[in-house]
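Look for chain A in each of the two complexes below; its partner is chain B in the first and chain C in the second.
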Partner chain A sequence: MAPEIPIEATEAAQPVPAGSVAGEPPGAPPPEGGRAAARFGLGGVFGRLVRWEVALCVALVFVFGIGVDASGDFLSNYNLFTLCTNIGDLAIMALPMTLIVMVGEIDLSVASTLALSAETLGYLWSHGWPMAAIFVVVIALGVVLGAINGLLVTKVGLPSLAVTIGTLTLYRGLANVVLGPLTVSDFPAPFNELGVNGVPGLPFLSWSVAIFFVLAVIFGVVLHGTPFGRSLYAIGLNKEAASHAGIRVPRVKMGLFILSGVVCALVGMLYAFELSSVGENIGIGFELMVITVVLLGGVSIFGGRGTIIGVVLAAFVYGGLRSALLISSSFNENDFQIVSGGLLILSVLVPNVPLFAERARELMRRRAARGIIVSPESSSPTPPPTQGMVT
Partner chain B sequence: MSAAREPEAEPSEPESQRRLVDVVLRARTFGIIVVLGVLVLITALIQSRFVGGGEVRFILSQTALYALVAVGEAMVILTRNVDLSVGSVVGLSAYVSANMFGTHPGIPIVLVFLVGLGVGLGCGVITGAITAIGRVPSLVVTLAMLYIIRGVDTIIVGSGVVLASTEPNSFLNIPTATIFGLPDLALAVAVVVAIAAYYLNSYRSGRDLYAIGSDPDAARRAGIPVAKRVFTAFVISGGLAGLGGVVWASQYATIESTAASGLELQIIASVVVGGVAIFGGSGSVVGAALGALLLQTINSALNVIGVSSIWTEAISGLLLITAITLDRGIQLRVAAALRRRRVRLGA
Partner chain C sequence: MREVSEQGDPTNPGGQGSQNVERGRLAGGAADSPSTASTQLLSQTGARPPILSVREATKAFGAVHALEGVSIDLYAGEVHALVGENGAGKSTLVKIFGGVHQPDSGELVDADGHALVLTGPADAREAGIAIIFQEPTLFPDLSVAENVFIGRQPRRSGGRIDHRAMRRQARALFERLGVPLDPDRPARGLSIAEQQIVEIGKALSFDAKVVVMDEPTAALSATEVARLFGVVQSLRDHGAAVLFISHRLEEVFAICQRVTVLRDGRRVLSQLLGELTAGDLVRAMVGRDIAARERTQHDAGAAVLRVAELQRAGIFKDISFDVRAGEIVALAGLVGAGRSEVARAAFGIDVYDSGRVLVGERALHKGRPIDAMRAGVAFVPEDRRQQGLVMDMSIIDNISLASLRRLSRHGLLIPSVERSFASDWAARLQVKYGNIANPATSLSGGNQQKVVLAKWLSREPAVIIVDEPTRGIDVATKAEVHRLLVELSRSGVAVLMISSELPEVLAVADRILVMREGRLVAEFARANASEERIMAAATGQADVPVALESSPA
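Moving on to the complex of A and B:
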């Protein structure tokens, strides 16, 4: 119950990133932004979320329209299966990332965690370990890697951005060491077929996307339907208030980082099986795509806002766009990198549009005022909200 | 609050605070120098050729590139932002500038440096404008720019590659040229570091960067043009990365589209190891340059004592984490010491 109230209140008053700084005390109303939001019809958290998700639905239809227009093969089982295999692993990693971003943190080490667990799989398999034992080791590895992030963030009190840039480098570096330049590719057939055959009866659906759907339902229910899920919103909106309301913030964050570690470690195995091999630089740069999907899904980089449905839709908009662009011959993988970066920038710029409009009005008002009163100080506006890195 | 009750204690309090913070910051820089000294000593005991002129020149020349880019990155991080796109800027600038030798044979080297600088400034303007005017987190913007610039680089390069044979010897000799036994590059970069340090310490706009990093809101209320300063920091970072690209080209000679990818992580590691707080507001460019020197010395030391270069990345990650953990400890200690002092003065 308790978290519900601050969400509504703060959300309505704060359409704009409030930044990381302890500048404005919680509860102090930033009036300009609030009015801007109201004028643009963005007041109320539900109205806004529905809008974002409706926009994503439209984008999804649009993207599939482009795809079908570009090639009749777009909706073929083969192409849809390829689309699924391309997006499935990223989408699974986006789920724990959503929760981490929700509480105002970030995990840039996901791709390196994936790589280290995949390389560990390759190393152990090439040394004759049974698959079941490897499975256990990889899960334990995921727990450890996630716990390192979590401990540094919660116990030492470091910003997750800095910590996970460090572990991004560290885990990737260790992954390079595990196998060195070797490639391991003699996994048993049933595993290798994960990336070749779809789910029985649904040839267009890859196993990764099937797993993603199941996990998305679980994550969705937990996030939107349980007190624990609501507490994540509360932490993201106001850590102190959440803490005073009895939420054990450090423990929750610790749990989320471990969850992310385990999920990414398991995706590492899945990804290795899909590729049927483990080699150097596996999954490099995945963190960008995972974060793009999460932010495109309407999750605020400042925490406290977003839905699982948005992230699911964003995963398919992203995957669909990639497939649609690649199928129209003039695009290649590299061009999509640019598109993907552009999408990422757009997904943080668009929510700021009301702010830009407000500032433009403010500027015009000030200019008009200057015509009458000479001193610009007297009409000095409310300082715009903080900009800066994420906490 | 105690100052309000006891006005006579007020003048000495900020003074002593400043002195303590100053001492700690100096100790931080001094710490790096000590670590460097110990590292060099141990490595030299294991393998005496480590302190030979050749090896020292090599390390200094390698450091030049990292220190150059780290200076710009440090200025961005001081403002509580981060620039993840520097690796891509170095790569793009390296290709574009070195390619000039192929397309315009006989072009003066100075002009090539200017081209690299221009490429970097261009990238910095775009990143800075989106971050400062768009008021969006620099982490997201520069992460996106990392991939966008790399993508543009790949398109420009295509399947091509710049080969050493197209570049004049005078260009390829830059990394090995020396004055008084010291590499030209290292000296040039030392000058850049000195200028940047002077600017940050003595110019109002330089001090503004610290103010913004300490508390962006307070800085804005104090009348500091935050957006303008942040924009400038990104442009400088871009420009220095652009120059770094030309240096990269002269060092590696063969340039592909993947040139300098992942460099940003080493640069950030250098800056943070050098004592610039990842949350802005404290640190110095001299520290950042020393951080770069330390990282490069470690790489060379590992190489000399026979540890495979495969460990480089893991070690720089570990160093980064150690450095931020250490800084956090120092920060807590200082805060506690200041609090104690305040209590004493208040009592």
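Moving on to the complex of A and C:
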């Protein structure tokens, strides 16, 4: 009923230790939509994210515990290799997705980009193109597909959610046109073995996960250690202030969408080689798994918060959980979808639990205090201040 | 003559019998206590009880004591000023009135001496307390009348909203306030001043007897301030108690009868304004004397920033001016005259249709701030929370944000280098912080502004554009910012300052350009500028002898 009273300037004479920032932020009212995540100071959030990554480590141990408990074969080279092949491609795509979510955008077309690239690979290979030329074409295709997303978002100004839902369908449709109902599966031996053998000397480690590790280090350094990475956080937290500081926000976003297109195109080839074939419906539904991994990794859906290490841990929690559940015969792929959906919601919900708890406490307190007002004669004790509230 | 409608009387606290107040013109005279006989509350000025008091309120947030034993008495028909530096505890006190915060100890007491417990904004409203914020939040798609009566719309049979009654009542409210605001206008597109009027109308509509105004004038132009004063006067004449918060002492003296000064969460002074001078207040606020700054004339160098025939359809037209090295040029004018828009276009935040911006001999790329920055331009924007700072980033990250390239080695940022860079600049600007790794939200407004300045000065710019550099910051920091701008100009920096505070313009600027409705209409040298002349040019009241050097005729 009453319009929301804006939270205005802090008048606290001295800054407050970051650790205690847990309640109302002293900053300006959050932009419309009440970005729950933006209600926390970075210090507090940083503390929470660290806890989030610790929680992921615990979850990882727990998941592997379940797996070992379910079957003695869980830690076998064969099972670990399967786990790796299942998660590696998704995990690689999660890296550019992390950067895109960091700046407050999303790319839902990743799996369709993967599919269109894989189908293009199949088409060109079946028409006798040399593999080197195909690489070049597929990379160029990735650039184009990413640029289409980027242009629609940055130049036309459409929301990336809508744009990439559109290209999700569009690219998938094109992919189906390229190869039709055909299946191509006569790739040469070294490529076909990518999905069969692990990295030499480490038989449990798939090539995809090895590539993921290398890329994760690069992405981690870029995101956490370079001016470019810092500008991504700035854009995600406040893109207006970022552009006032000379950051070219549209160009950065454009670059990220192209990066995502190229990475997904390359993963499309890798995935085709791992399967040793390209057919219809390749990689269908991958986009949601990729986003689940990113959000589970602690990257805020509102942008501006998250770490690469969190995403790396999340990839293995996700893959490990899948493997652990499937290895016990009582679970099937469909059951895992239920778990996966639940995880997605949890990973968006849990970081905001302190906020919800705060609101609930506030509500209780108001109700209690109202009870006091009813009897004004009794000397009314002041309700206890909300714990950790800072303004 | 205005007449109070059937709405009832705001001076009537307990709801016992309605006394209609008839009152004369709004433009009441001097700032003495009300001289009416029509309500008993107002008649016995001496011994009347306060309509609302805070007694010995203490409020701490963690280790920070925002308020310590602060008492304040609000009287019906009186405008009470609350002043103090940023961080003195004003906002906390406002939030206690608004039910947003509850004091750790101490209490709110109503006119009958009963303790009031406010546990939320709804309670405050029930208790007859209305808070008018600097920038109100209305529902943009609803009409003015709907905003006033939101949630309490007059009903017809069957629960339907009686739009006619709502409009009539809203119109009556605005007439009572002396502002002809059309109740059917959508809230979208209302100026901030008009939005405040709507909020005040809403306060009247539920018979608020205490109206708290938190820096209402900070974002208003001079004419809007004058109109707001008329409204405050009428609130007062109708027997409401007004708590008026402002950083501008001349406003305090113009409209208030009593003043309370807070410093570091404590009350240092509370008395009738008639007994005080502006100097007394400043001393009370800062706890020391501020020496009047004398600006010595010095020679300006070559033109560094040159804006030539800049034009943007519907926003500004034919804007040409130079800023020379070592010179402070102020861009004065009313809010909405296009000053900020010119500055934003020059820096590259916004695009423009035609014209050129040059720094030295280098033409700046349109719409590209990084190009202006590389040419040596810095821009301190108007809205430090939205544009100047990434509030959730640390103080370090904010100071280094515009210098990241320079702070990296082989493309990598070195945390220790960044930290020492930030703490060095924070120290130069005397930013007061607890921990430099804390987010910018942990700072008071004045210190936030210093962080923005640190961010830009650390780039050692040749040109600095500052848009309302002292808006909403305390007197002491304001003086520091002025001194800083003067020092910068002495060291050869070209300074372009946009300010709506004429005393500031006159104190700091070497040359004053005046804009009106998107055009440059006058230019004054420091020696022959006065508030009157600038205002006349800005409002177009007089035929100003246009003395533009670079006017394209």
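Heads up, the rule we're going with is that the second predicted complex is superposed on the first by the 326 of 391 C-alpha atoms of A that agree within 3 Å, B and C clash if a C-alpha of one lies under 4 Å from a C-alpha of the other, contacts with A are read in each partner's own complex, and residues count from 1 in each chain.
Here is the rule we go by: contacts are C-beta pairs under 8 Å (C-beta built on N, C-alpha and C of every residue); 3 or more make two chains touch, one makes a residue touch a chain.
None of the values given here were measured: they were computed from a predicted structure.
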One more residue to check, A:Ile106. First (chain B), second (chain C), both or neither? first
Between chain B and chain C, whom does A:Val199 touch in the aligned arrangement: first, second, both, or neither? neither
Quick check for you: in the superposed arrangement, does A:Val143 touch first (chain B), second (chain C), both or neither? neither
By the touch definition at the top of the document, which applies to A:Ala242: first (chain B), second (chain C), both, or neither? second
Regarding the shared-chain residue A:Leu161, is it in contact with chain B (first), chain C (second), both, or neither? first
Can you pull the chain A residues that chain B and chain C both touch? 16-17, 20-21, 383, 385, 388-390
Chain A contact footprint on chain B (complex, rising order): 79-82, 130-132, 134-141, 143-148, 150-152, 154-155, 215-218, 220-221, 226-227, 230, 265, 268-269, 272, 278-280, 310-318, 320-321, 324-325, 328
Would you pull the chain C residues touching chain A in the complex into a rising list? 59, 61-66, 86-92, 95, 98, 100-105, 107, 114-115, 117, 119-123, 125, 131, 133-135, 137-139, 150-152, 214, 264-265, 349, 368-370, 373, 379, 381, 385-394, 397, 401-402, 404-405, 407-408, 411-413, 432-435, 437-445, 455, 472
Seen from chain A, its contact residues with chain C in the complex are 1-6, 8-18, 20-21, 25-29, 38, 40-43, 45, 221, 225-227, 230-231, 233-234, 237-238, 240-248, 304, 365-366, 369-370, 372-373, 376, 379-380, 382-383, 385, 388-391
Can you name the residues of chain A that touch chain B in the complex? 16-17, 19-21, 23-24, 106, 152, 156-159, 161-163, 165-174, 176-177, 180, 285, 288, 291-292, 295, 301-302, 334-335, 337-338, 340-342, 344-345, 348-349, 352, 355, 383-390
